[in-house]
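Please read the structure below before turning to the comments.
Chain naming follows the written order as A, B, C and D, and within any one chain the residues start at number 1.
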Amino acid sequence: MDELEIDAVAEVELDDPVLVEGLPGVGHVGTLAVEHLLEELEGESTLVRRLYSREFPPQVSVEDGVSELTCAEIHAVEVPEGRDLLLLTGDHQAQSNAGHYTLTDAFLDIAEAFGATEAYALGGVPTGELIDEYAVVGAVNDESLLEPLEDAGVEFREDEPAGGIVGVSGLLLGLGERRGFEATCLMGETSGYLVDPKSARAVLEVLEDVLGFDLAYESLDERADEMEEVIGKIQEMEQQQQMDVPTDDDLRYIG
Amino acid sequence: MDELEIDAVAEVELDDPVLVEGLPGVGHVGTLAVEHLLEELEGESTLVRRLYSREFPPQVSVEDGVSELTCAEIHAVEVPEGRDLLLLTGDHQAQSNAGHYTLTDAFLDIAEAFGATEAYALGGVPTGELIDEYAVVGAVNDESLLEPLEDAGVEFREDEPAGGIVGVSGLLLGLGERRGFEATCLMGETSGYLVDPKSARAVLEVLEDVLGFDLAYESLDERADEMEEVIGKIQEMEQQQQMDVPTDDDLRYIG
Amino acid sequence: MDELEIDAVAEVELDDPVLVEGLPGVGHVGTLAVEHLLEELEGESTLVRRLYSREFPPQVSVEDGVSELTCAEIHAVEVPEGRDLLLLTGDHQAQSNAGHYTLTDAFLDIAEAFGATEAYALGGVPTGELIDEYAVVGAVNDESLLEPLEDAGVEFREDEPAGGIVGVSGLLLGLGERRGFEATCLMGETSGYLVDPKSARAVLEVLEDVLGFDLAYESLDERADEMEEVIGKIQEMEQQQQMDVPTDDDLRYIG
Amino acid sequence: MDELEIDAVAEVELDDPVLVEGLPGVGHVGTLAVEHLLEELEGESTLVRRLYSREFPPQVSVEDGVSELTCAEIHAVEVPEGRDLLLLTGDHQAQSNAGHYTLTDAFLDIAEAFGATEAYALGGVPTGELIDEYAVVGAVNDESLLEPLEDAGVEFREDEPAGGIVGVSGLLLGLGERRGFEATCLMGETSGYLVDPKSARAVLEVLEDVLGFDLAYESLDERADEMEEVIGKIQEMEQQQQMDVPTDDDLRYIG
């Protein structure tokens, strides 16, 4: 296994496509969003590249008894009513600091080869608590990109994200800038405790706006309902536990 | 010390051999299994390769005062009534993520040089508790391998192993697939707390079935009996401790 | 991204400049000091180099919605009444041991290219408690440098810093010595718990003395006053907490 | 800084010298022993090599205000009445697994250049408790070396050292064996909690026996007396603490 091994699975001619990245991160927001895109746009999607690397964790995933080596996948999507897309998914991020640089450069190489000059990195920004309103916080690698996104409802906040953006999402902006890509990171607010389909939906609604396609959200909404049930049960259990623990008052009456 | 140093200790002509891997892992199941094979097939075995690497931990083991540098060993076994074997053992796994890729590629290189195109990675899958029945869970790198193994009693479960297969065992399947190897991982159920000879036996019984040889199990069974004794003692000690700890009821009567 | 990518942003002719390093460290003393220098000498400063590296953490910082890839910056300063300066700042240190060596060599390469043969590494030495007097502890890479610095009030203590000096600051002295640089590390005493503007000021006062320029300290003093307020509040809160915790005497009276 | 930078400080003709290694480890036994040798044989010693490496921690030590970059040192010693020596000392071990291999190969390269074919790695083996008798446990990389060492009082124990020998000491035996060196590791028993001059003395007495020189031990014995004092005080403090803690009996009488 070289540092990088890229399998050319198929070739597709795209017209000025946009790279959309959904690798694992906070609340799995990016992953959920891009997986939903793949599902909804299945008819127009073709798997074009698989990327293997010593930078990925040394493991295979197993489904129905059959193994698959850790990799990242890129699907080309010819969207009739909107921008063409290159959808980037994977089960794992790089396992070392230098590895993030290596992989991001590889993703940008592939995007360039397909004629892309724009990229969207999708992810979540953790609030630390359950929320009702799902804002989408943004970051761009060039000032000129701010306005159209603000028009689409993206919030650019003064002190967020605190600590910047780490990993491939951040480097798509950082390395992208040095390589002539206009890149944007869209981060749906999420508690950070759960996989969050509502946050993924909020991010996708922004993408629909800026990239020109229309999505149905039934399957995502179903997952959101399941999530609500799980949250409900956890909250019940917590209240139950609180009633069992003796309070300070209880302890004063011993003896 | 280069990245890899391979000592050719001896040469043996094998006929379409099968690589069988038993590096350290859960319950030491793989290690026990391959060590038992080496013991039982001693007459037909020849040490052919020793593999040293900067990827192994920088240490020597010491036996009777004499040191040995960390390495992996490959024995060639000409099994009269069954498939020829290449048995891979070692005391340690690689110490870095990239190291697992490097070592697995090296093991496959050696296997190819001996004409092998099939591999079995042996290990354990932890149940988290002591068990009475020892199932063998499987994973393969190609669908076509499922049926014969199911016939041999291997279970392919929908959600197992959760988290996939990590390390050399997983990469023998993953890299093996890219290099034309048919590879199978056999994982004996085990508590995960102890070295488990019963789990090793369950895995070997599957191998006997698919690779055509016959094994005696006396020494493994002896180790299994010792294990039962140890488990018995631990359980006694735990019950003893439980009787000494004051319960909630006891505490209510203070004062 | 190569191991190092250096952007030549501008060229400036300097006369026997001095490299002054203020990367993040204890109490952020070095960073505060060099940032204050940049502020005060803004009229005479030009950004000359940006340094990117796979050795930096794989992230972007975000300000007002716009991203910036982790880097180190070097400003050339033509100081009319004092020594010319090369000011080195950055948000992060290298993320690996070897990375510190790589980056320090790069900083010295750039300094050499501008004709520098002297360097000052600025930092803090933690006392573990809040202090009133701010001494500046020193270390040099050649005996001949001791006296002038002692004259400027720098203290060279027998057992300090315990554990030596780690990271780029230490390597500027260590690698600097092998490459013909006279290098000094100035460490302002600081509690280690807070960003410390008073410690930064103490260090800058030494630099003023040895490098011949004059600085105003208003903005640093404002930050110092804010720091005093924060410390005051923390101390109040601690006293409050101590009054609420039952003492041993209290506990004897139960029952 | 390259992977390795070796400064040739001086040249000395040695006659079939023995490499003696005393890098930091358990109880600092090896370091103490080799430092004592350097002290006692000062008149016959010449610093011949300094070794710098990116594998060493990126730091400088500071003594009396002057810095020194992390390195290993080799002194050549022309011992009139015994074997010539190459004494290897340093403040730090390598910081990565691969680094241990790199550095050990470099030490063996230097030893070979001086005509050495034998090596002694000195260290400690922790007992976990304070001891009165100081045995020296051994390991060799070839059977033929056992007997002369047993005659000198070295103990070769069946299950020790458990876990083998890690780091440069272990690799001097492991890599040494592959490169034609006869290597021995001498490990003085020590509690593991303190720097142990008595353990260092036990190891040096074996070396005197096998390498033919005579050492005085005054300074080491002084350090041993200081150690006894410190141990005495710690034991007093522990007894004091035990008297202050209420026992189970005490607690029964509350209320």
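The criterion applied here is as follows: a residue touches a chain if its C-beta (ideal position, glycine included) is under 8 Å from a C-beta of that chain, and two chains touch if they have at least 3 such contacts.
Chains and their UniProt names: A, B, C, D = Proteasome assembly chaperone family protein.
Bear in mind that the values here come from a model prediction, so they are computed numbers and not experimental data.
Counting hops only between chains that touch, chain A reaches chain D in a minimum of 2. Rotation relating chain A to chain B, from a C-alpha superposition: 90°, rounded in steps of 5. Where the sister copies chain B and chain D meet, the same residue numbers recur on both sides for under half of the interface positions. With centres computed as the average of Cα coordinates, no chain lies farther from chain C than B.
A separation of 37 Å divides the Cα centre of chain A from that of chain C. Averaging Cα coordinates per chain places chain B and chain C 52 Å apart. Within chain D, the positions touching two or more other chains are listed as 255. Interface residues of chain B facing chain D in the complex, by the touch rule stated above, are 1, 5, 52, 54-55, 57-62, 64-70, 95-96, 254-255. Of all the residues in chain D, the ones that touch chain B in their complex are 97-98, 100-102, 104-105, 138-143, 146, 156-158, 160-161, 164-168, 170-171, 173-175, 177-178, 185, 255.
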